[in-house]
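The letters A, B, C and D name the chains in turn, as written, and every chain counts its residues from 1.
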Amino acid sequence: MPGPRMSKAPGVDPEEFIKEVTDLYPTKVAKKRQKHFIVRRPDEEQAIEANVRTIPGIITQRGCCYAGCKGVVIGPVGDMVHIVHGPIGCAFYAWNTRRNLFTPREDGKNYLPYCFSTDMQDEDVIFGGEKKLKQAIKEAHEIFKPKAISVHATCPVGLIGDDIQSVARQMKEELGVEILAFNCEGYKGVSQSGGHHIANNKLFDQVVGTDDTEPEGKFNINILGEYNIGGDAWEIERVLHRCGINVISTFSGDGSYDEMKRSHMADLNLVMCHRSINYMAEMMETGFGIPWAKVNFIGIHAMAKSLRKIARFFENEELTVAMETVIAEEVAEAEAAIAPYRERLKGKTVMLFVGGSRAHHYQEVFKDLGMQTIVSGYEFAHRDDYEGRQVIPELKVDADSRNIEELKVQADPDRFRARKSTEALEKLKAEKVIDYYEGLIPDMGNGTLVIDDLSHVELEKLIEKFKPDMICSGIKDKYIIEKFGVPSKQLHNYDYSGPYAGFRGAVNFARDVDMMINNPAWKLLKTPWETQPILKAKLGSE
Amino acid sequence: MLDMTPKNIVERTALRINPAKTCQPIGAMYAALGIHRCLPHSHGSQGCCSYHRSHLTRHYKEPVVASTSSFTEGAAVFGGAPNLRQSLKTIFQVYDPDVVAVHTTCLSETIGDDIPSMIKKAREDDLIPDGKWVIHANTPSYVGSHVTGFSTMTKAMVDYFADRDLQNSRRINILPGYVEPPDMRELKRMSSEMGVEAIVFPDTSDVLDTPMTGQYQMYPKGGARIESLMAVGGSAYTLGLGSFASEAAATALETKCSVPFRMLDLPLGVRATDRFVQAIMEVTENEPPETMIFDRGRLVDVMTDMQHYLYNKTVAIFGDPDHMISLTDFLVSAGMKPVFVITGTPGKRFEQRVKDILKGVVPNPRVHAAADLFYLHQLIKNDPVDLIIGNTYGKYIAKAEDIPFVRFGFPILDRVGHSYFPTLGYRGGIHLLMNIVNTILDRQDRDAPDERFELVM
Amino acid sequence: MLDMTPKNIVERTALRINPAKTCQPIGAMYAALGIHRCLPHSHGSQGCCSYHRSHLTRHYKEPVVASTSSFTEGAAVFGGAPNLRQSLKTIFQVYDPDVVAVHTTCLSETIGDDIPSMIKKAREDDLIPDGKWVIHANTPSYVGSHVTGFSTMTKAMVDYFADRDLQNSRRINILPGYVEPPDMRELKRMSSEMGVEAIVFPDTSDVLDTPMTGQYQMYPKGGARIESLMAVGGSAYTLGLGSFASEAAATALETKCSVPFRMLDLPLGVRATDRFVQAIMEVTENEPPETMIFDRGRLVDVMTDMQHYLYNKTVAIFGDPDHMISLTDFLVSAGMKPVFVITGTPGKRFEQRVKDILKGVVPNPRVHAAADLFYLHQLIKNDPVDLIIGNTYGKYIAKAEDIPFVRFGFPILDRVGHSYFPTLGYRGGIHLLMNIVNTILDRQDRDAPDERFELVM
Amino acid sequence: MPGPRMSKAPGVDPEEFIKEVTDLYPTKVAKKRQKHFIVRRPDEEQAIEANVRTIPGIITQRGCCYAGCKGVVIGPVGDMVHIVHGPIGCAFYAWNTRRNLFTPREDGKNYLPYCFSTDMQDEDVIFGGEKKLKQAIKEAHEIFKPKAISVHATCPVGLIGDDIQSVARQMKEELGVEILAFNCEGYKGVSQSGGHHIANNKLFDQVVGTDDTEPEGKFNINILGEYNIGGDAWEIERVLHRCGINVISTFSGDGSYDEMKRSHMADLNLVMCHRSINYMAEMMETGFGIPWAKVNFIGIHAMAKSLRKIARFFENEELTVAMETVIAEEVAEAEAAIAPYRERLKGKTVMLFVGGSRAHHYQEVFKDLGMQTIVSGYEFAHRDDYEGRQVIPELKVDADSRNIEELKVQADPDRFRARKSTEALEKLKAEKVIDYYEGLIPDMGNGTLVIDDLSHVELEKLIEKFKPDMICSGIKDKYIIEKFGVPSKQLHNYDYSGPYAGFRGAVNFARDVDMMINNPAWKLLKTPWETQPILKAKLGSE
């Protein structure tokens, strides 16, 4: 039975579609790819293949380990100098391209608009790049005097045997500033995902828990996996502050090295991008006793729900009242603002192929707009992002995940502090308030499709068959989709708009979706003579 | 903006800050897109391909499709041959290109993958269908720059396709250099107007500036045809435009097929375009048509009409070396003073060439190859200029120092126009000069006190 | 800037402040320059001719040569016949044009000079050499506007030259309207590409955009030839572009030579250009060439690529009525909101036409014919807009209110480009849209706080 | 004997040239035009025909009476509303096109960027425009509340019998503000010149002498015939102020109605543009006893000389010393600044065809640059501007000059005040310090040409024959000249540069002339294949 909105492409059976599209591949490839598709059946427990190698030659959305480490997690930290050790390209492409916004703190330090690289040359590849890396760190220190420097390895570095960890240790000693070295060579893992993990490990190991300054707020939290694209973090913080909540640190949007150092003083971690940051949430819980709650700040009602989760956690009357007041005000305001857009958008269909959490999060704001997600999938997620964290124990360690280190974390002898009684924590877990994420699949409607690591040809066929009103994806797909006459929203960078998180973000999003779907320029794709016969001259005035 | 940049210039030997170049593979990918029905293939990690596609897409706001060998650690250790074989199999079945243009990356170069052998083996094993081509270029990211990658892939076209038997003494080849689709179109238009049969290759026009029609085409109409790429081996001679981007292919073609070549500056500005036109006149033995002479005269007309706004204005320019050489000459011929000329691409001959042009015009110019924008910014902090010309990254300096800014070169990520309007040829010169003049006039208007706000300029 | 302009709008019935039009004779002079080897002649005081030449020269930065009857008080009292006779004698001997195109002024109109009789008499008295032409248009400055003058002189070309005996059923006439030389060139290129023989008249291309060669030519290469102007009487039909500028000539041609006509909007923007192309397709009975379809698709591509920067932006536009009609439609099709649409030229049908286009798009648009820039400024003061589009005089409002500004229309006295790049047709649409988009992006960059300064846009 | 620099065109005899060029005209026309040419012979007294009708059909530089009145003299007064009564064009073309700069005074009033017109329609021409004019004045008064309004008649106004003087009187009474009505219909006179006279008359009649406020300075002057093009007046005033001189009023650049009202309180009038303003100088001398001195502030040495004339007039030790100090400083500075330009410009030839005085004034700054004026002429001057004021008594009143009123001025009974003893004044006259202007011709070199009311064809032939290095003229000629490959400086509007007056202006001028003559773009006019044979392919790198 096809889902309610799949009917827009009448006669298209999703199962048949899967067969049809995977039949385009060589047989072995087809077999593998089939496992990355499911047709959602709400009454079934459904498993999907994820976080495995992309078959070579398939045109994929995926990037590399370096992109996940430097590009996603570490790059947004604005008060550090991030040096890319390798040939110039990797540094160049990650220079200002991700829209992770940052405001300098009181010290005025802001290295975000800069691109630092060792610009490795052939002689460095032949004779080793450690010397150049050391010199580069020295030069960065001399010119910029940053409090901390990161070093990111790109593909050739590991292969030629540069020991960047040792360089980092030496230079830290020599210069007296923290140096974080990330062995995030591009070929590690199967996508950006490995890089997230490497980044989390190092931040936890060398940064978190190194400054015990007491936080000022009454309700202290960190936000994890929020990268402040287009100012999302600022809108989220605006609302949290209104409620009386203090954000110690954000990992890593608008991120500050100093703030991360004292992030272990929080009482609760909020997890936005489950995929990129759940390692950190886990490790901080084990190491410091901080529970975490999965939140979704995308969408008016998702935002309200997430706020209530926080209130539930803190179990404080004053906070709960404050929060409900804020929610009532902001929801009313936002709903009024999106009403005209909703009027024009309801019933429209959308497909989402984004990253490791947004393909889930954004379904909520589309619901606010009365739009239906008919196909959804991730670029680099793991099965737990699809199916929920309960599958984690089943996940197999394969050749590609084995090389990403799994830190063995133990409770910090001095700093571990249980935030609640065991009973209270168990109760919150049972209520799914903390330490819980159910994944994307349960939220998908009957008969909709879930597709992991979507390929170019699959995208083409999806558009041809299902004719969606909008597809949310990334820059590489955007203009392919739009050439079909279908508006495509970039959900990595928001088409240079935003913020989209929080109440006001949802209004921005509604405006932008309306702008794209209802833009009159889409009516011009066909020439009039494609649709009308050529008329013989009618004379006179127009 | 860029508040951390100090005025004081410290010599650096290791740290590159704010580069004025990127790596070879993106240039190779761009060149490969200039072959009709060609799928560029990145032999390395997925990230390279993703980054190159993204950056080209941002520049053109167009689909840029390419595949990758998707190296994982195993491939990095044991070699990428299986990945390439799997890639070719998948690609030809699923995407059905006529040509797969493989370029290497720092990863596959570091481990020493031997692409020609792999292609040979794939051919033997029937992984490459009959009538289909797989070509390759070695583009280690740690050598040269994106311009080198373009040059190398263009040379690969010669190495794989050129056929000396397809003789035609009235036909010439034009190596356009690393220029925009409308530039390639303009070179074709000009040579056609002059009555010469010219093969322009690579040719990204109608590939990276495709129409919006509601019909997506994975392989658009444009690109040099395989027949043409074969025929280049029998042409009368080759005009190579810009030695950094085109000399390798020109030389290879002479070596392989004995096609003589002549290297010219990119035909940007009056004088360099004159030399391009003259070089074609040597084949046609005819004057160019009057329309072209008129285009030239219109460009000179703008230069003389607006001389007051150009004369003696100091300019900082940065970009690819072939562009910088011709741009320097163009600006000088319009009375401007390019005081800082920077390219990220290495090359001593670049410095010499630009300094020669500036002799007697700018007393002590700073001309640097293998330099970066951090250095350029520091130069400007020490000696402010009237105008900056360069790619989008220049806008940070322009904003920091409040200096008028004209976008020119690769990449332009934040404005429209470069995909549609050439800057080469006489017409292109008018377009570029219009941008320069109007940018200067905009600034004058912005800064004018009310009583000096001019109606006529 | 414009500090004396109050926000409060007072109704005016007599005082025109900061006009959005000028007088008929300059339009007649401009049209006359669109005939090859024609000398426009101003029958009135010297000042008119001097002012019109000056203003056209400022707009084109090109020689604009015209003669005058140099009225003094005697002529004003006793009539200008002797002045015209002396003029013709001098002109034909000294400047040797093929055509003298006489237009009147408020002075000669007020005293009631009868030009046709004077020309007749001059012809009889051998003041007009054989094979030479003197044509005329009545262009009282106190009626209509410069657009009317253009229209009237264009009609005069029909009245004097059109010959119904030169039949050719595959040939059409195109009345381009009061547009720029590159627009006329583009209309010729488009019709030629579509395989139709078209006579475009008047045609100022290669007249007001001549090359700088060191050779001055009083009568440049361009302009409609007399043979062509005669042949229009036998064409299959006439496409009149823009009713304010072209309907008079189209009607006259139908009346005089029974050439049927069809009035179209100026082909500016996708939809109006589509209608122009369709009208030609009716003659050729063929699809336009693929290159043209691609140009169209590229224009649409820019519109969809940059839609975020255009959608719902409010715009104030002013200029000539035919331009404003098509521009309104173009902006609407790109998602923009033209909230104020002003022309200085009188015409109620203008208001109706624009309001029809804006129906369902802009709730309560202010659309006014016979309005002025002082009023427009007051509207903007009361309801600021995101963008102003209009001729150079708009920059005072733009500066006063700090609003982004795109130059479009006549006159443009302070920037370059309008002489060389069309705004008509699909290609012209890309050029105009590029200016609009880049102007909006420039403003975003200017106003962006550092942390929101976007690399990619 | 040809002049020293005419040799640049060897073999061209100026007398022959005149014949050759006038032979292009019909015989009668040729005869008339010949009288407008002279070949300068310093040992002869030479007369030239000037200020007569341009022959119809000749392509002339000249404009109309309205242009001289509104465009030149009245328009620059910034604190008045100037209404043009007529069809729209006349107002439109004079809107912001002349670069007469203005700074608002304390009252903030600045109407300069505005264009006011009655935009006369056909019904106004048929039924008369007085009603509309009255209404327009009312509307201007209501919206702008100016202290004074001017009304300028264009061609049809006089013909249809609108009595604008009567309208002005009525509205002045009704609204209580000054209204100046100018009957400057375009057809009056033979050029702009008539308009200057009409403007002078009205200003003298209705404005000058209406406010007797004592000036604050010790040495009080007016500057007449200085229009502040590109800021000339400001540079002149800068220097005068340095010397201790107070400028009460400038006619009319940066002009203020209020200041003109008290201009009769000055001790001396300086006359820049003799042609446009000598009426005012004469009338103020007769009416109020203010002597006038012809000055020329264009050129370093001309400026110094003019300053010394002022010192000579005031005969004050302190002033003389101050002036010499200023001159010494400023001349040294300016000469140093122009030295590099002079090096590149000396020996170059120039032709000047400008207005009614600049063709004379600018010869001085060209001398500073070592450049030679080989041909010069005015667009609308009278014989006195060429030959000197001694010819004024000989000038005949013809049909075209008769209609420009000659005011009968008498000494103002209350306000006339002799500024010096009769003897002192006579002495100054004898020394040619005051009330003296010798005209352009005496300054022209042997064998050079003087041409009045240059026509288009004459300009073409001059360029072809004499190949000058630069021609100074107006906008209509500029691009004609430049198409010949000869740089053309607009001396009406300075090519949107300036100031050119005073010491610093001379430096600006030198820079601009150098910029134009030495611009490398001029070397590109010819294609290389016009001058070089096509070479057969030379192979290899450039």
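Quick note on the criterion: a contact is a pair of C-beta atoms (placed from the backbone, for glycine too) under 8 Å apart; a residue touches a chain by one contact, two chains touch by 3 or more.
For reference, the UniProt names are A, D = Nitrogenase protein alpha chain; B, C = Nitrogenase molybdenum-iron protein beta chain.
Everything quoted here is computed from the prediction, not taken from an experiment.
Of the two chain pairs shown, C-D and A-C, the one joined by more C-beta contacts is C-D. Chain C and chain D have CA centres that are 34 Å apart. Chain C has its Cα centroid 39 Å from the Cα centroid of chain B. Centroids of chain B and chain D (each the mean of its C-alpha atoms) stand 54 Å apart.
For chain D, the set of residues that touch two or more other chains comprises 95-97, 110, 479, 482, 525. Of all residues in chain B, those touching 2 or more other chains are 1, 58, 61, 210, 212-213, 293, 296, 300, 303-305, 393, 396, 450, 454-457, listed in ascending order.
In terms of which chains touch, the assembly is arranged in some other way, matching none of the line, ring, star or all-to-all patterns.
Applying the touch definition to every pair of chains gives A-B, A-C, B-C, B-D, C-D. Those residues of chain B whose C-beta lies close enough to touch chain A in the complex are 1-4, 6, 10, 12-19, 21-26, 41, 44-48, 50-55, 57-58, 61-76, 82-84, 86-91, 93-95, 105-107, 109-111, 140-143, 145, 210, 212-218, 344, 374, 393, 396.
Contact residues on chain C toward chain A in their complex (touch as defined above): 237, 243, 247, 260-265, 270-271, 274-275, 277-279, 281-283, 285, 287, 293, 296, 300, 303-305, 307-308, 311-312, 332-335, 450-452, 454-457.
Residue ranges on chain D touching chain B, taken from their complex, read 95-97, 99, 101-103, 110, 231, 479, 482, 487, 493, 495-497, 512, 515-516, 519-525, 527-529, 534-542. The residues of chain C lying in touch with chain B in their complex are 1, 58, 61, 206, 209-213, 221, 290, 293-298, 300-306, 392-393, 395-396, 399, 413-417, 420-421, 430-431, 433-434, 437-438, 441-442, 445, 450, 453-457.
Chain D makes touch with chain C in their complex at residues 24-26, 29, 53-67, 83, 86-97, 104, 108-111, 113-122, 124-125, 132-136, 138-140, 142-144, 154-156, 158-160, 185-191, 399-400, 403, 456-457, 460, 463, 474-476, 478-480, 482-485, 525-526.
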